[in-house]
Amino acid sequence: MTMAETPDMVDVTETSADDPRFFEACRMAEALVFASAQPVSETFLTERLPRGVDVALVMATLRNDYTARGIHLVRIEGHWAFRTAPDLSFALRSDEREPKKLSRAALEVLAIIAYHQPVTRAEIEDIRGVQTSRGTLDVLMEAGWVRFRGRRRTPGRPVTFGTTRDFLDHFGLEEVRDLPGLEELRGAGLLTGRMPPNFNIPSPLSDDELTEDEDPLTQLDLEELGLLTPGGKEEE
Amino acid sequence: MTMAETPDMVDVTETSADDPRFFEACRMAEALVFASAQPVSETFLTERLPRGVDVALVMATLRNDYTARGIHLVRIEGHWAFRTAPDLSFALRSDEREPKKLSRAALEVLAIIAYHQPVTRAEIEDIRGVQTSRGTLDVLMEAGWVRFRGRRRTPGRPVTFGTTRDFLDHFGLEEVRDLPGLEELRGAGLLTGRMPPNFNIPSPLSDDELTEDEDPLTQLDLEELGLLTPGGKEEE
Amino acid sequence: MAEGQKPASAPLEKLWDADAERGVSEPALLIDVAGFEGPLDLLLHLARTQKVDLSRISVLALAEQYLTFVEQARAIRIELAADYLVMAAWLAYLKSRLLIPQQPKDGEPTGEEMAQSLAFRLKRLEAMRNAAEKLVNRDRLGRDVFPRGAPELIPVERRSAFEASLYDLLTAYAALRQRQAVTNVVIARRKVWSLVEARTLLSRMVGEISDWVSLDIYLARYAADPQERRTMIASAFAASLEMARERKIEIRQDGAFTPIFMRPGEKAADLSEGSTPL
């Protein structure tokens, strides 16, 4: 059987098939990445491989070697890892290893953070139209998918959230810009932080702050609202 | 897939090379061995691979594929496993110690220094409510995350601690001011439950400048500190 | 809703499916908002029942649907969360702006602009829902795709010999501060005035006064915290009974629940040397 040899020879002959040093570098890189369960950074590989070797070319060659195999070499934000081929999922899948199920709310928050990052909590709540319940962000951070990124340079300096490399690894993405449908959403203007002009819609309230909400209310509405007690919150 | 087929010893070389079923079986075996935490028995492989496939041949083929690579497929007491090629051990051997998890006490002290800097050892102990062992600060200094900042202009002129540039790098912060505040910790579900009304979390200052009640460390101080075990300065 | 009928819980979806066929006036509609994550979620659900592309929904019809829903909820006295009602008010306003076109005034959005904004928000929420679904159905590590099962732990790549994430750090800090805060609360709560303390206080009072003084007013000087007042009054009253028995003070109350007055008793002199009794 020939599957190991097929794809790589093309690349290697072009560039450095005759160079035993390049071949050795490939073997070393392969072993280094293979040994680790975690993605290995290109910086680390550069340090470990013989000096002067084109690491990018080494990795491209290796990736090519594995395209048809049962294991793939994948790149995640400048880090490399071996992963089983996705099409073999059926053969490997086992229910015991099923990752923890996320609540709908947590999943929604995760998607918003992924597509809108860096995003503040207020923006997440604006998009969802509800307050984020305690525990939702916590769960995502504990899973290692979401992290504090920094602070927005606006008054109040709100903290922003973003996704992690583990997030990309988990969902099989090389980079954030590989998120499914990202470009279309951006093109449709659905990812801009800015609202259309004159945007004005009630934002989620903390329970008792009925009166705080503002202009569009008519006197009649206010009277009606006063008659009704605020009920419980709807979050998860 | 045709189930009628039976393992055919005679046909072996003929079928294997071009048979897409055999090729698929190789990919599956490869992925199964790769993903398994233990060496995989041939019995297990036989159960998982498509019926009628010659498992021994599959494994022999795979082993052959990997002979020249940086990874080898090895057979250990009738079980199969991938191992990095023995001749590459020089490249893989790591002189780095395996990273140790920071102890809970160290995490707490580090966090207090980050949030409350500049902070003296006595203040750290006051916040934690327990004495800080000498080793804890040593560990943090050794990790390069904590440094002496200066001296407080109070009786006894206690040394103040702060975080380092490496600290920011390691934890992915641009500046100390990016550490989340009370509302954000609460919002992320890290702080729960009722908090006393006067509860607050300091907003750390930019870490470079000395505060008004701090004196810079003089040459003498440095010598003194250098002579003493780090962290052993104050009340031990 | 028909009288006497017992409201049972039914998903809202039923409500609107039924409406599409039977008209809104149909009685006995049962409402359940438990499945919805706030008014925007509900609105998105209603918009979907229009069965058109979100960019072509009729915001006016949507507003009416929502308002009808809120009306019905009120009719059967369902307590709606405040944000549902705020949304209703906003939609009522939007509806009026859409029905009675006004000259755009400075800074005030036109009805169309408001409608566009709402449609935008619904589209954005739906887009994120779809994105979440796509994400969760990808080939996921640990479910569809697997890492090396027996890592050899060789290429450990760490700049630092120690491992900790920001999450670890913040969790530790939050837990610590919380722990300490709780301890503090316990200490703070221990503010119960003992009889001894109350007696000392009363003794001091007796030293200062010569005639009837309202206990409440006197104590108010010491109890800044209203929560403390209660225990103070209770202890002071108990102590005062004892002191009255010893004839160190006299107590007077004109009626139930009226203020309690006190003045030094015959033996008040025993209490405080430095002051002049009576």
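Note that the chains are named A, B and C in the order they appear, and that numbering of residues resets to 1 at the start of each chain.
Here is the rule we go by: a contact is a pair of C-beta atoms (placed from the backbone, for glycine too) under 8 Å apart; a residue touches a chain by one contact, two chains touch by 3 or more.
Just so it is clear, the model here is predicted, and its values are computed rather than measured.
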Chain contact topology (line, ring, star, complete or other): complete
Which of B-C and A-C has more C-beta contact pairs: A-C
Chain at maximum distance from subunit A, centres defined as averaged CA atoms: C
Chain centroid nearest the full-protein CA centroid: A
Mean-CA-position distance for subunit B and subunit A (Å): 19
Averaged-CA centre spacing for the pair subunit C and subunit A, given as whole angstrom: 33
Separation of subunit B from subunit C, taking each centre as the mean of its C-alpha atoms, in whole Å: 39
Subunit C: positions in contact with at least two other chains: 146-148, 152-155, 165-166, 170
Subunit B residues counted as touching two or more neighbouring chains: 31, 34-35, 82, 84, 92, 172-173, 180, 188, 190, 192
Complex interface listing, subunit B residues touching subunit C: 31, 34-38, 81-84, 92-94, 96-102, 104, 106-108, 110-112, 114-115, 127-129, 139, 142-145, 166, 169-173, 179-180, 185, 188, 190-196, 199, 201
Subunit A to subunit B touching residues, read off their complex: 1-4, 26-32, 34-35, 48, 68-71, 82, 84-85, 88, 91-92, 121, 132, 134-139, 141, 147-151, 157-159
Contact footprint of subunit A on subunit C as seen in their complex: 33-34, 36-41, 74, 79-90, 92-94, 96, 107-109, 113-114, 116-118, 120-121, 123-125, 127-132, 134-136, 138-148, 151-155, 157, 165-167, 170
Subunit B contact footprint on subunit C (complex, rising order): 146-150, 152-156, 158-166, 168-174, 176-178, 180-185, 188
Subunit B to subunit A touching residues, read off their complex: 16-17, 22-23, 26-32, 34-35, 48, 61, 64-66, 68-71, 82, 84-85, 88, 91-92, 172-174, 177-178, 180-181, 184, 186-190, 192
